[in-house]
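Each chain carries a letter (A, B, C and D) given by its place in the written order, and its residues are counted from 1.
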Amino acid sequence: MRQQKPIRSEMGWSTRDKIGVRGLDLVSDLIGKVSLGDVAWLEIMGTLPTPDQSVLFNAMMVTMVEHGMTPNAIAARMTYLGAPESLNSAVAAGLCGLGTVFAGTAEGAARLLQEALRDAGPDPDLRRIATRIVADFRARKAQIPGLGHPVHKPIDPRTPRLFGLAREQGHFGSHCGLMELVADEAERASGKVLPVNATGAIGAIASELGIDWRLCRGIAVMGRAIGLVGHIAEEIRNPVAREIWDRVDEEASEDVRPK
Amino acid sequence: MRQQKPIRSEMGWSTRDKIGVRGLDLVSDLIGKVSLGDVAWLEIMGTLPTPDQSVLFNAMMVTMVEHGMTPNAIAARMTYLGAPESLNSAVAAGLCGLGTVFAGTAEGAARLLQEALRDAGPDPDLRRIATRIVADFRARKAQIPGLGHPVHKPIDPRTPRLFGLAREQGHFGSHCGLMELVADEAERASGKVLPVNATGAIGAIASELGIDWRLCRGIAVMGRAIGLVGHIAEEIRNPVAREIWDRVDEEASEDVRPK
Amino acid sequence: MRQQKPIRSEMGWSTRDKIGVRGLDLVSDLIGKVSLGDVAWLEIMGTLPTPDQSVLFNAMMVTMVEHGMTPNAIAARMTYLGAPESLNSAVAAGLCGLGTVFAGTAEGAARLLQEALRDAGPDPDLRRIATRIVADFRARKAQIPGLGHPVHKPIDPRTPRLFGLAREQGHFGSHCGLMELVADEAERASGKVLPVNATGAIGAIASELGIDWRLCRGIAVMGRAIGLVGHIAEEIRNPVAREIWDRVDEEASEDVRPK
Amino acid sequence: MRQQKPIRSEMGWSTRDKIGVRGLDLVSDLIGKVSLGDVAWLEIMGTLPTPDQSVLFNAMMVTMVEHGMTPNAIAARMTYLGAPESLNSAVAAGLCGLGTVFAGTAEGAARLLQEALRDAGPDPDLRRIATRIVADFRARKAQIPGLGHPVHKPIDPRTPRLFGLAREQGHFGSHCGLMELVADEAERASGKVLPVNATGAIGAIASELGIDWRLCRGIAVMGRAIGLVGHIAEEIRNPVAREIWDRVDEEASEDVRPK
């Protein structure tokens, strides 16, 4: 007979007249008093954020909200076209595409930094660590997460802003420093322009704030969920999904469809 | 030959060195300056919120973030157990369940109120409209969205707080008033305790703020996406999904499985 | 203290050396002996199908597999572009759009028929029932599910084939007959061409086979899940998602993006 | 100005009176003539299967349909509880969890085998290749996909059946042979019981049939989509989702919820 383990959660509870959220009272402590972004920090970290944490955490999520007609925005709109009764499923469809190619890269960058600095001691030689990371990725012919961008060249404009905020708020530490050195070494070794991109900066700053790399994709998820609701709002006002469908369908089968 | 229509979006754009979000500059106008909840308003409504809009919009989303071990939280944790490489898909799985039974009811309440008041003129007789709505639902044996709660009885503690904020911020208008009268008439007609619940209050306040009823489910989606990331964070710290699975599996087939 | 209820399932179980599926042995009864479509019937109905049930059930699912570059196929491909490590999530994203507009209509048609015939007695007057249904939908200005098609006019070519098979296999009963009469009455009342479409035929035949209307969307889901894997297979061989994205993005923001 | 590329698909097309599916006519060639599993092969491989291909392909998909109250079945039921109007989204939620931990492992096994044999020449030394693979995974402390099972010990009963069918149908080639040798070497090197499991056998047989490893997760997806519809069918007949939710919720917050 298997020994049962307890099932426990500290996220929230409710009784007839009260709702608890991470040890606070939803009604008296949160509604009308704490902004959405700060409640997101509470959910993940268990306390309300300090002002500096709040600035950086909101900044990272805001960065990920909107990037125009991305593949996930198109997927959400296509889904809404078939199931307008389920806005939630349209957003879900969009989130399914936040994988390794686009937004998931913050996770990879944070993992890289957190693993490199975990056992590095109090005063690590960041340049040496960066050199070793770049050599290691090049040996495996793998792409370093958090570097380079197909459109934003030679720099990703979000990065200096995010790193500037991290400095202002006193959170530009060894993870951010290492991320910059990794970019520097990668450019030197490859001869290519490989600046830290927005997800690299987010992975680094999230690491400074103590966020587990396995949660860094969540920063993109929370931001983009909001952005996808925005796209559905526009799709309601000014629908384009059917036109996209019609054009794709007409062209895709024009060679094989009988006239 | 089909006439093509233009495909247009004003959500966002990017060039080599700039990213636009609803007419603002992401880097100089939003990152580090505007909180996540206020960017959500910008995404949906096209302008930054006024302070009163910000208070109410954040309050509504915050209300929906966390409600403990709900079915959608369990679904997200089960999904993460099988696909820990795809936190985004775990959140997506959770959002798929935000349908008509739970969070989707804000949509129904807002629709009811917006349709009732659309052609009601400048000084509508709200009591008469409420009576007609309740009679209509009773005739169809349909449940009025936004009323009653299985746990929060006799009142849903979130409702007085939300309506109190609406009053404070100058947005308790005819939609909120009508929602309260519908509850009053429904209780009178049915003899049951049917207070306005949180999604009813949210549907009403969203209507006051000019949010289309078709987007009201999005308020829950944005809040709960954040809550689901919180549940995954706890699942990483203190996993329970496998224990839930084991218990369900053992019990479910104990009659049919050979010993 | 709440009284616990038992949690029971007869779907399947496993021990060290055996796996049961709906009372049969997976290894000795199913693998290599029963085709996928027949196992689908077993899963839903609890027994293996008779030959006539097999023909019709496979025919209905096969009808729903492939319809070219539909919105859900585009959504799946967009999702795969961002998350090629999660083919499962790409299919999931596509399924999210099988709502009320497209494939979900089989559910509506089956519901209509099953509810109309539930209490109709042994020899119902189908013409009278059809007239009443059409009048009822017209009074509510609602669209009758299962009728008409934007492309397949004046008839949907799948319908005569499906209804022909139902006749051949001895399952063209009152549900199929009523569906045809509803179309006939709807055309007469509206003056429009409103033939029974594929989802109408599927809703009717599924009803003949004793499938609950709440499961009829599942016929489309099972078929289309297969079709979406097919689209991902083609996307791997001959990718088009990025080109669709690029074109949509370029055109969508061409008015608002600075040159 | 970017040069546009053509968007082409050979999956399907429709005109007013015809629907084409991979070069065949849906109505005259497929509906009522070809079973669901064989249409799945057509979708992915572009031709109807030969009898041996049909047996093996159906066998692999059938293997994945049902495994009792798995995490993805629980996720689908939880989703249906909140959104009974969207059976499709409940199945989608379940599919989101078919990741690297469970069903996704067929993909890993197939990749391993296909990459190992791609450049191995006409008469490869399979034992030597197996030894090298095992040594390589052990050096990286990585788990070899397709080996071992927590419940099915010392052998997974599905594997001898699947490999037996492969032999019978003349498709037990070097991929299957290599898979068995990898298991043999892994057991020798680790001293553990590590038999080829069902996903390992599926990965190997799929490779024999010429299915790209990137599609092997699709075999599980197609099978399990059907199994999840089966679970929803049972949830409608005999609901358990609410009881699971209630129990989890009660226990999870019993320490933190005020009495």
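Quick note on the criterion: contacts are C-beta pairs under 8 Å (C-beta built on N, C-alpha and C of every residue); 3 or more make two chains touch, one makes a residue touch a chain.
Values in this document were obtained by computation on a predicted structure and should not be read as measured data.
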Labels of chains that are neighbours to chain B and to chain D: A, C
Based on mean C-alpha positions, I'd like to know which chain lies farthest from chain C. A
CA centroid of chain A to CA centroid of chain C, Å: 36
Whole-Å gap between the CA centroids of chain A and chain D: 29
Hey, how far is the Cα centre of chain A from the one of chain B, in Å? 22
When you check chain B against every other chain, which residues touch at least two of them? 6-10, 12-15, 18, 68-69, 83-86, 88-89, 92-93, 96-99, 103-104, 240, 244, 248, 252-253
In their shared complex, chain B is touched by residues of chain A numbered 2, 4-19, 21-22, 26-28, 30-32, 34-40, 43-44, 54-55, 58-59, 61-63, 65-69, 73, 84, 86-89, 91-93, 95-99, 103-104, 107, 151-153, 155, 157-158, 161-162, 165, 212, 214-215, 217-218, 220-223, 225-227, 229-234, 236, 238, 240, 243-244, 246-247, 250
Per the contact definition, I'd like the list of chain A residues that touch chain D in the complex. 6-10, 12-15, 18, 20, 23, 83, 85-86, 88-89, 92-93, 96, 248, 251-253, 255-258
Show which residues of chain A lie in contact with chain C when the two form their complex. 68-72, 74-76, 78-86, 89-90, 92-94, 96-104, 240-241, 244-245, 248-249, 252-253
